Structure formats: structure tokens, C-alpha cells
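Note that the chains take the letters A, B and C in the order they are written out, and that residue 1 is the start of every chain.
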């Protein structure tokens, strides 16, 4: 197995994959906290349509993907915040975009292979240019996130008061989704558009069950993401099974026990004593 | 003696949402350091009034001045604790972080953990008797405990104007007394103006300078003795309302307080 | 070649039959999906079905059967995790991603042929067999009968679970039962439009109808109508225009939704701000 590690494509896969894991580890924390899981899934699906359209037009898929996802994130963030209505609206946008995607691809010769590659990624196909582009975009996203850290946190947990304290809550909502759109584009190369979702929510959902402190949760999320990605790439290289399967399986496999156990832990949080002293009522003897 | 500049000034203000008049012809002037209790039934517009002062809601007509200028979001001198529903039980945040938002949540960047910061936050937690909850996940706390955390959060900003929307709603009587006493202590120490929305005037009587009573879009402002009378309330509610005063407490019969 | 000529072909007849069966179902089931806020769960179930379809292909079994088995297993899993599922969307998302990964794995065993994958993902209504029609007809009949029987308690439990439980309605069982019926419907819908677009058939028509009327029966009727027009219209268009059937079907449902949004927007009074009301959220305990 280790002989495969000497090939440059594996190095590229590791580099690009690590970047994706780090960016998604941080972004995913906010996705879970803000309850935007469905929106995240939708964005990656919409990215598919963008990539397909780009392929049809003969330009690199990443650009089409970026255009579509950023556009979609702008649309989604303007939707009402009432969950079920919003979910439907997100779903409509997503399914229509997907159907557009299949239309674009049907018009393109050899469409199935291209569809497959966009949807599920192919670690063999990552070039050095891809790595450099991903690195630049990824570092950009991380830099922006570090500046927006406190405001994003505040507006995620306490939007009413955050707005009163002068934070541009609506702008942050929109901008955050745009960042997710960019992250989805970066991840397409490595893991394919449909499965970037797994890296977005898996590590952070697990981390949140383990700790309540935002910084620690993000750090844990990033570590988990890196471990999943490296393990996934190694296993895929060794076994010839798809890398996306390994990453999603590991992610799910770690999440499940954590989720079930964490439920136990929470139930055992000590109940506060009702009063500092007890009052006996009926001792008038 | 010159009158101090009013901290809040309204002149013939109407607030409408859609086609409905929430508030009509409100005029009032509040001086710095006053303790104002806002009373009235659900849906009367009490929360809307606070949002008016925060710049979240615009008046249809009339003038609103806060600190001598138009209301706007982001004035650091205003502390605000909105009316709350319970936080989701799985909220992944501990009490200290939630309260800490009040201190620097609005600043950019990640911030640097410092002992001084933790001390200040712990001090605020101590003041609302919530220090032992510092590490607790907020979703697991009771309504009353969450309420106290949010009060601490609003106080941390050292505001000149404190807007509290039903801060006593979920508190047991002992904690209610503590909370009100705390608010009043801060008010006297820093000459903070307090506007507190409540359903019950009685726990607050000792500290109240003025009552702003809202019902059916109408309002009346004055001392408790002036406002909470059968005549005034009957006028506001447009129906017969009886106010009974006994043992230093007010009881309103025939309408919701 | 006119439409009449086309209809002489088996596969065309089957396509129209399958489309009609699913459309008739989706109004009724979709109504409850929207009501219960389970749109995302619906998405996830379709991805579970994807794993089922690919597993079936691997084993050489009918794909519809594979989808049904897997989705039913998925529902069982949800039923076991039961009431403790508070943050629906994260759990649902994790299952969705895992199932996709599984499906990709099975696909990679079964074939390196990407076309097969794309067919499962985007539907292959033109390859529906007689067996499929039979299975779908039986499943549809069962679902409709069951929903007719459960209609009132399910409605009650969906609008007001707390009250319903207090009145003795077994909301947990109803939830599970509904999810089973949803699993069947999702499997059928996947045959027509594929995994990724099930949402378009099951949710969008009902969501559009819900924007236009509040009465349950009227909503269901309207949803069914929208679904029928979209599916059959989509099929006709694909024979005429030669673009993928699923594209036309989804495009039509989306158009209906946008139209419904427009009508709804014109009707409801304009509000500049949301009225402050303390008891906005409906608690879902299922």
C-alpha cells in the first residue's frame, strides 16, 4: 500500500484534501449551529448544476460552480427564517438546479462520466494547479472567518441582541452562505460536490456533541475532518474503493456513537438544588 | 435649576405595522436615571415600544429622540435583554460564553482569552447569582436561569440606558427580588435609566419612578398612583376596570395587568 | 411519429402509468410531508433509496425492491432513535451523506459505467417494467388506503402533537407509520425522477397547493392535480423535445411553485415587519 504514496497525485490529494477538511471544519461549525444543514446540502447540489453548465459552455467547472453557488447563497439568505417554509424554498431551488444540471449534461457528449466526476470527485485527477487554487481560496476563507469570528458567533446564538449591539446580522447571514459556496467549490475537486456536505457537517456535528466551547469545538472539528480525509484517501488508495465512501462512512461511524453517548451525558447534568434552605411549614407545635 | 436633557423623548408618535396602529399619539419625556415600568396586556405594543427606541421599528409619524438623536442600532450605551422563549436544549454554548457576548461579542476578530475578561464576566455572573452555572450548557438551564444570564449579558455593557423586556417572567419570587434589587443598584451606581417591561407592578413598586401603561394603542405615563387608578385604566381599556389597592399592592380587576 | 403511435409502445405506456401512479400518491403524501415539516427527511430517504437501488443492482435484484427494503430499514432506524431526535436536520444530513457514500461504493462494484449511476440519480422513467408497475400499483393502493384510514388522527397529530397525545392519539406509532408510507412513496417517486429529484414530486406540488388554500382536502386535490399535470406534461414534453424527462417534470413543478408564490404574495396583506408574538414556534415532539 505504501508504495502508492510516492506518486505526486497522492500528494496533491492529501494537500487538497487537508485544505478542504480544515476549511469545512471551521465553516461547518457555524452551519450546524445556525441550523443550515439543508441549505448546505442544497448549495452543494446547486453547485453540480453550475459545474455542468460550465462544462457545456466549455469553461472549467469550478467557475460555473462558483457562480451558481454564490448566486444561490444570495437567494437562500433572503428567504424567510421560518424553517419549514424556508426548507421548501431551498428544496425548490435545489431540485430545479439539479434538473438543470442533468439537462446541461444531457446536451454534452460523454455526460455521464462528467456527471459522475463532478458529483463524486476523483482523487486521481487533482493537479498541482488545483492544489494551488484551492490553497489560495481556502486560506482566504479562513482569514475572513477569523476576522468574522466573534460577530458570527454572536449572531448565530443571539441574533436579536447582536443586531441591537450594532452587528450587521443580515449581512453576516448572506456573507456566511457565500463563504460556504466558495468552500463547496474548493471541495468539488477532491470529494465531489455531493459529498462535500459530509465534511461540512460530520466533523462539526460530532465536535459539538463533545464540547460546548466554540473554539474547542472548531479545533476538534478541524482535527476530525483531517483524520477522516487522510484515512479516507489512504484507504481508497489501498483498496481502490471510492474515497467518498470512506470519508462518509468514517464520518457517520464516529458520529453515531458520540451522538448516542452524548445524549446520556447531557441527561446526567446535575439538577440544581431548589433552594438554599428548606422550609418546614407545619412545625407550629 | 436647569432640567437635565431627557434621555428619551417622544412627540406624538404613531407606530403602525401593516394597517394596524400599534401605538397612537405617544408623547413622553424620560429623564436620566429614572426607573420606568412598562405595563399592559399582551400584544399592547410594549415590545414594539422598546424596538422603537432601538431603531428596529420606525414610527409612522412623530419624532423619537434617544440620547438627543434618532434611535439607531449599535449604540453601545444601550443594554437590551429581549423577551425570550426557551433556548433549544441542545444549544452548544456554556453560560460564560453567552454572557460574554455582552462584553465583546460585537467586536471583530477572535479576541484573546484573558484572565481580566474572565474575571469581569464572572463578576457579572456573581451579581445575578449564576456563578455556579458558568460552565453549564445554556440549553439545559431553566427559564429563570437563562433569564438571569441574559440580564447579566445586558448589564456587562455598562449601559446608560437599560431596556429589559419581561426580565422577571420566569423567575421565582426570591430571584425576582434579587434581580430587581440588582437592576436598581446598578441604576443608582451609574445613573442608568431603566425601562422594564413587566406584567406585574407589585415587585417593582419600591423602585418605580414612573409607569408607562399601554393598552389598545393608547398609553398613559405618570407615577403609579396617578396611572394605576380605576379612572385612568378604564379610559385606556375603554371598559370598566377597577383598581384595588391593599397592603401596598395594586390589583387590577376586570382587565389583565 | 405522433403521440398515438408512441403510446403503442410498452415502455411509453408504462412510463405514463408509472407517472400517474406516483402523481396520484404524491398529493396525499406530500401534503403531510409539508405539514409535518419533513421535507429534509424526505430528501434523506431518497438517498437511502439510492443505496438500496445500487445494492439491488449489485445483487441482480429489481431496483425498486432494493429501494423499498432500504428505505423501510431507514425508517426503522429513525423509529428507534425516536423522540430523542431534536435536531432533525443534522442527523438527517449525516444519514443522507452516509447513504450516498454507500451507494457510490455499491456502484463502483457493480459497474464502472457512469450511465447506470446517473440513471438511478436522475430517474429512468422510460425503462419502467411491467413488474415495476405492478409493485407500484400495489404500494400506491396500500398507501392511499392506509392514509385514508389514518387521516384524522394523523392530521391532529401533525398540527398539534401535544394535544393529540393528551387525547390518546398514539403519535409515536403514527409517526413511524407515516414514515413507512413515505418510504414507499419515495421509492416509487425515485423510479420516475430519480434520487435527487424526489423532492420535486413529493414536496413541491403540496407546498404550492398549501400556499393557495388552507383546507386539507382542497390542498390535497390541488397538489395531486399539479403533480399529475407536471408528470404527464413532462413525459409528453420529453417525447417531443428529447430532453430528459426529469428535467421537464421538475421544471413544471417549479413553475407551479413560483406561480403559487406569486398568487400568494398578491393575496396576503403586506407587512413591513413581523408582528411580535411570543408564541410563534410550534413544538415538534416527533
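We adopt the following convention: a residue touches a chain if its C-beta (ideal position, glycine included) is under 8 Å from a C-beta of that chain, and two chains touch if they have at least 3 such contacts.
In this text the structure is predicted, and so the values were computed from the model without any measurement.
A.B. asks: Hey, which chain is the most central one here, using CA centres?
C.D. replies: Taking the mean of all protein C-alpha atoms as reference, the closest chain is A.
A.B. asks: Could you tell me which chain lies farthest from subunit C when each chain's centre is the average position of its Cα atoms?
C.D. replies: Relative to subunit C, the chain with the farthest C-alpha centre is B.
A.B. asks: More contacting C-beta pairs: A-C or A-B?
C.D. replies: Between the two chain pairs, A-C has more contacting C-beta pairs.
A.B. asks: Could you state the distance in Å from the CA-based centre of subunit B to that of subunit C?
C.D. replies: Chain centroid spacing, subunit B to subunit C, equals 47 Å.
A.B. asks: Distance between subunit A and subunit B based on Cα centroids, please, to the nearest Å.
C.D. replies: Centre separation, subunit A to subunit B: 39 Å.
A.B. asks: Calculate how many whole Å lie between the centre of subunit A and the centre of subunit C, each centre taken as the average of the chain's C-alpha atoms.
C.D. replies: Roughly 25 Å, centre to centre.
A.B. asks: For subunit C, write out the residues touching at least two other chains, lowest number first.
C.D. replies: 87
A.B. asks: Scan subunit B for residues touching two or more other chains and write them down.
C.D. replies: 56, 89-90
A.B. asks: Please give the residue numbers of subunit A that touch subunit B in the complex, ascending.
C.D. replies: Touch residues, subunit A against subunit B: 33, 146-151, 153-154, 157-158, 160-167, 208-209, 211-215, 217, 266, 269, 272, 275.
A.B. asks: If you look only at subunit B, which of its residues touch subunit A in the complex?
C.D. replies: 54, 56, 73-76, 78, 80-82, 89-94, 97-98, 101-102, 104-111, 136-137, 140, 142, 145, 150, 153-154, 157, 174
A.B. asks: Flag every residue of subunit C that touches subunit A in the complex, lowest number first.
C.D. replies: 34, 37, 39-40, 43, 84, 87, 89-98, 100-102, 104-105, 108, 113-115, 117-118, 121-122, 196-197, 199-200, 203-204, 207, 243-244, 246-247, 249-251, 253-254, 257
A.B. asks: Name, in rising order, each residue of subunit A that touches subunit C in their complex.
C.D. replies: 32, 35, 37-38, 40-41, 45, 83-84, 87-88, 91-92, 94-96, 98-100, 102-103, 105-107, 111-113, 115-116, 119-120, 194-195, 197-198, 201-202, 205, 241-242, 244-249, 251-252, 255-256, 259, 263
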